[in-house]
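After this come two complexes, each holding chain A, first together with chain B and then together with chain C.
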Partner chain A sequence: MHNIEKVELIIVGGGPAGLSAALAAANYGVNVILVEEREFLGGQLVKQTHRFFGSEKEYAGTRGLKISNLLVKEIKENEHIKVLTSSRVLGIYKDKIVTILTNNKMMKYFPKALILATGASEKFLAFENNDLPGVFGAGAVQTLMNLYGVSPAKKILMVGSGNIGLIVSYQLLQAGVEVACVIEAAPKIGGYSVHASKLRRMGVPILTSHTIKKAVGKDKVEGAIICQLDSSWREIIDTDQFIKCDAICLSVGLTPLTDLLRQTNIKTVYISELGGYIPIRDENMETNIKNLFVAGDVSGIEEATSAIIEGQIAGLNVAKRINKNVKYQLEIEKQIMEAKEELELLRAGPVGEKVRKGLKKIGLNNSKNYDERMSNEEYDISFLMRTGIPSNDNLKMKLPQSEEIFNKGPIAISECFQKFPCDPCVKGCPFDAISEEGNINNLPYVDFEKCTGCAICVSKCPGLAMFVVQKNYTDSTSLVTLPYEFLPKPMKDQTVLVLNREGTEICEGIVKRVIDGKIQDKTTVVTVEVPKEYFLETRNIKVK
Partner chain B sequence: MRIEQHPILEFKKGEKIRFYFNGKEMIGFKNDTIASALYGLGIYKLSESKKQKRPRGIFCAVGHCSSCLMTVDGIPNVRTCITPLKEGMQIETQSQEVIKDA
Partner chain C sequence: MNEDNIIICRCEDVTLKDIRNLIQQGFTTIEEIKRLSRIGMGPCQGKTCGLLIAKEIAEITGISIEKIELQNIRPPYGGVTFEEIIAGDEVEK
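Showing the complex of A and B:
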């Protein structure tokens, strides 16, 4: 007979939720076994080359892969955590025995507590020929290019404009892949407007109310046929359009990976807002089975920051039960409260509405932090959400009210018009010139009196939505400072093509300054001299 | 095709790994999975559908969709998208008979 090892806590899944859960529990002396199917930790974080939104406290402004490196380093240094990579949890039995296949050996464990942080899998879309090689899930495209350095295609069609679709499209451009267009079945862009704007100024079209009908090709994708949809999502006839591409990327949502959970007597319920069947759990992330916790996407689709916090909540709750030392009980309790508060704040804005609605269905939406006023957009952004380009009215709200302010020198302009939880510009400004009125969900505004135009915010903003303009550089020219994340990098005194918010070439400009230091962390800050009439339109450059 | 230059990431190509695809010698790199090595070499078809024999390639790349199952060193139904490439590996597109026997 095999030995059954008694252990304190088993965590299934080494992504953001699992990592933070392990740390939270182990920091209070709980002995943790962290099990990960792959040969490395980090989950999906390791392929995220973009800077994260959210609160600076939870690594906002830091690129996903760096967050992973930080967490993994801490995990490896913690003597209470034993990591099993390339290991698969095979079963969770009624008597709470957990079996794990590791090194071709089946191990049996009897844990006091269990945290499942198994994440999510990608949804699929039905269309003709959808099984052709070259039709990918967005995660697969990211894996190939960002993990293995393999280019997934020369030219790709992106289906879906949620944050994943928009981010992966941008990453494809960075990897040298052309993005034919992003199509979205809904009449508005699903992800954050700043991500959409980043694509638009690279010249990528975003077609809302469009869907894919068919993949074209014999052995591999050679193109796609897309069509337009009406307001009730029906195909409008005679709107077929052939898109030439050698891959099609689907980013049409995620669904919780609950296979393992379903081996237990856990109660699940279908909540469309949270991605499908989710386990019923309380605000401490505990399911109807005592000492069985969930965290991250498996408990409902959100994003990495909330997964990290949910992991903390689950890990701390386990610590509270296992570490009976009175000295720590209060401290743990306080940390749990803080984590919950932070999670609620992340969900409090308009972009958190879907999650709040979903959580309400399982009775978890009674927080004092969910203020209805907070959940409305500050102004009409319907044009922006249809096109990825701010309307003139939107722009006016963020520009100086009087022309005189431009006379003082360079000033920062924030092109952030959609409310979502994010604060690196506020926290990063050395002159306290950017404020969100104390709530991370509010829009940031620049105090032009305080702003010196130092351009720290240009590389801090995860949405690449901060610019610095110096309108009256000379009588006929202005300076525009913008973020640039492509190769080749521009050089000082070089003449470059200047693009507007739609990626259209509007004029030529001369590069006056290139800052590419450690603080910028590969978001190069480029200052370009342009004819004065273009100082408000200059939003991108193309190195010839 | 391999990405040679990237504004954010550095790809340190690991040492070369020799393997065999349907008997033919090929070169991949350390840190590759079987599927990433094949895709990098322009091999997109990894398996085929049961009845219609339609070509199948990488879809999810996280070991969940079974679109990339191949026979590796005689073991059928290996999830090639999450299996690290090793020196001398024999990788084969599997026929349906193999799957039935497995």
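Showing the complex of A and C:
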């Protein structure tokens, strides 16, 4: 063949799935070419300034961009991986020839295996004037803000309350942008309740059963008209409401980016639970074309942790085929098994139900390991999922049952009511006082006997759902320790405004302690003295 | 609701009204609608409009969305110049 380079493995996409696939394969000596369209590796991880949920093994509790830095460092140190950034895969042909545009040259390769980890693209929404300047996708807002340090607007309307909508709203607030409100067409919040609660205590309303009808403005967005929807998603007449804003951010879901895959004879199928048209693949991430694998969002929308594990599974399977050394075969097989189990565990809880349903439609994950009880919520969280605020009944379940416990001193209170796979509070507690009873999908509970109120968990929890309270600080005041991620940071002895779970100012408080060390990693831990009657209401502060 | 002000294909400036008219005329596949309206032929190659049009076809015709196919995709993914093609051929491997 003329000018066609024979290679072992080409991976398309340098996001979490592609990075982990490259490492998994290269660790067994497979020579990898990792192709990334942008000028840097990391994919969407580089824009994620929040801490990740999940298991510590897959970097839970670490900020997305740090996960990216860790993986990229490993990639660069691995002699088996050749990275092509600013490079685009142009074509995958029937004879398995792959063309790549790199360094202004169209190169031709003949790989033994191919892993496509091309990720996802954002869904768009049809409403009047949706082409008005100021209508953004959430990805663009995040790129402007977190990559280039450009503020996208002064006041924004967020459409969609999935995790991306909630997280980007929070990051907008951190950047000093006002969020008018978050609207959600469904009757309940789409993302994790802890993300919603973070917004609510900043005073941002979340309107469920609401949609956008129209962007308003002459040459750019000056506002939006939203309306209420009934239970069958039909507009309720006379519920129009004008929201003043200078930008509208759409966060209405992702869909697998399958363009490259569809150049081949790959079979795709529409699975709404997984975001749209997805490639049919087996549990080893291999498609109907031999040696063509997929990993991450391109195989169905999930999140970064599962993308990392899927990348490992795909990379290890390629390693198993290419590295024939018997010595490694068993070891690789074992690692594939472990990765699959890990993935199953991640999907085992109530929030994994949608993905499980979707996978079942393509004949995967009918696993016996899914425990029905595991996939049910522990509490009735319907109020929480509608409002972002836990109900009194929810709160009661996590408080000490006897008043005496408050007399002992400071104790940690976990305001985590929705089951999803996450364990940094459990793993981070130096006194072993927080437990999920052996399953990462369970709710964490504090053992008040063991808890010393050290507040390590306050900065460990990715959902900012841990607080420490000392009810009887003085006869008339209590201390509340809470996480704070905004500028300016409060200073000791400063008087601050104290907010409740709805972001309403309830009283003033005095800052008694500010911890902002390496362990806190920019989640400042603030202790504030408040009148005793507010010790269970105090959940945020505003620095004057 | 003014369908004329709702853009479905941003790249080629095709409105919801244009799409609904075509479907009502009997063009009920994305490939047909693409050839008549240029949807999906701009820089994003149907990433923005594809799902919206599939849903629109499903709603009007009653065909389930699972049976509707997205547009065909062929290499190359994105533009490539002759200069770049020739340059690649001249590299010694």
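Heads up, the rule we're going with is that the second predicted complex is superposed on the first by the 542 of 544 C-alpha atoms of A that agree within 3 Å, B and C clash if a C-alpha of one lies under 4 Å from a C-alpha of the other, contacts with A are read in each partner's own complex, and residues count from 1 in each chain.
One rule holds for everything that comes next: a residue touches a chain if its C-beta (ideal position, glycine included) is under 8 Å from a C-beta of that chain, and two chains touch if they have at least 3 such contacts.
Remember, it's a predicted structure, so these values are computed and weren't measured experimentally.
Student: Could you look at A:N104 and tell me whether it touches chain B, chain C, both or neither (first, second, both, neither)?
Tutor: Touch status of A:N104: second partner only.
Student: Look at A:K123 in the shared chain and tell me whether it touches chain B only, chain C only, both, or neither; answer first, second, both or neither.
Tutor: Second partner only.
Student: Who does A:R38 touch here: chain B (first), chain C (second), both, or neither?
Tutor: It touches chain B, and chain C stays clear.
Student: Check the residue A:M285 against both partner chains and state whether it touches chain B (first), chain C (second), both, or neither.
Tutor: neither
Student: After lining up the shared chain so the two structures overlap, which partner does A:G149 touch, if you call chain B first and chain C second: first, second, both or neither?
Tutor: first
Student: So, does A:P133 touch the first partner chain B, the second partner chain C, both, or neither?
Tutor: A:P133 sits against chain B, while chain C stays out of touch.
Student: For A:G276 in the superposed arrangement: first (chain B), second (chain C), both or neither?
Tutor: Second partner only, chain C.
Student: Give one of first, second, both or neither to describe whether A:K522 is in contact with chain B, with chain C, with both, or with none.
Tutor: Only chain B; A:K522 stays clear of chain C.
Student: Following superposition on chain A, which residues of chain A contact chain B and also contact chain C?
Tutor: Overlap of chain B and chain C footprints on chain A: residues 121, 131, 257.
Student: Touching chain A in the complex: which residues of chain C?
Tutor: 1-2, 5-8, 10, 13, 16, 45, 47-49, 51-52, 54, 65-66, 68, 70, 72-78, 80, 83-85, 87-89, 91, 93
Student: Applying the document's contact rule, which stretches of chain A touch chain C when the two form their complex?
Tutor: Touch list, chain A to chain C: 2-5, 88-93, 99, 101, 104-108, 121, 123-124, 126-131, 213, 255, 257, 259-260, 262-263, 268-270, 272, 276-277.
Student: Give the list of chain B residues in touch with chain A in this complex.
Tutor: Checking each residue of chain B against chain A gives 1-3, 5-9, 11, 13, 31-33, 36, 39-40, 44-46, 49, 54-65, 67, 81-82, 84.
Student: Residue numbers of chain A touching chain B in their complex, please.
Tutor: For this pair, the touching residues of chain A are 37-39, 49, 63, 121-122, 131-137, 139-140, 143-152, 174-176, 219-220, 257, 485-487, 489, 522.
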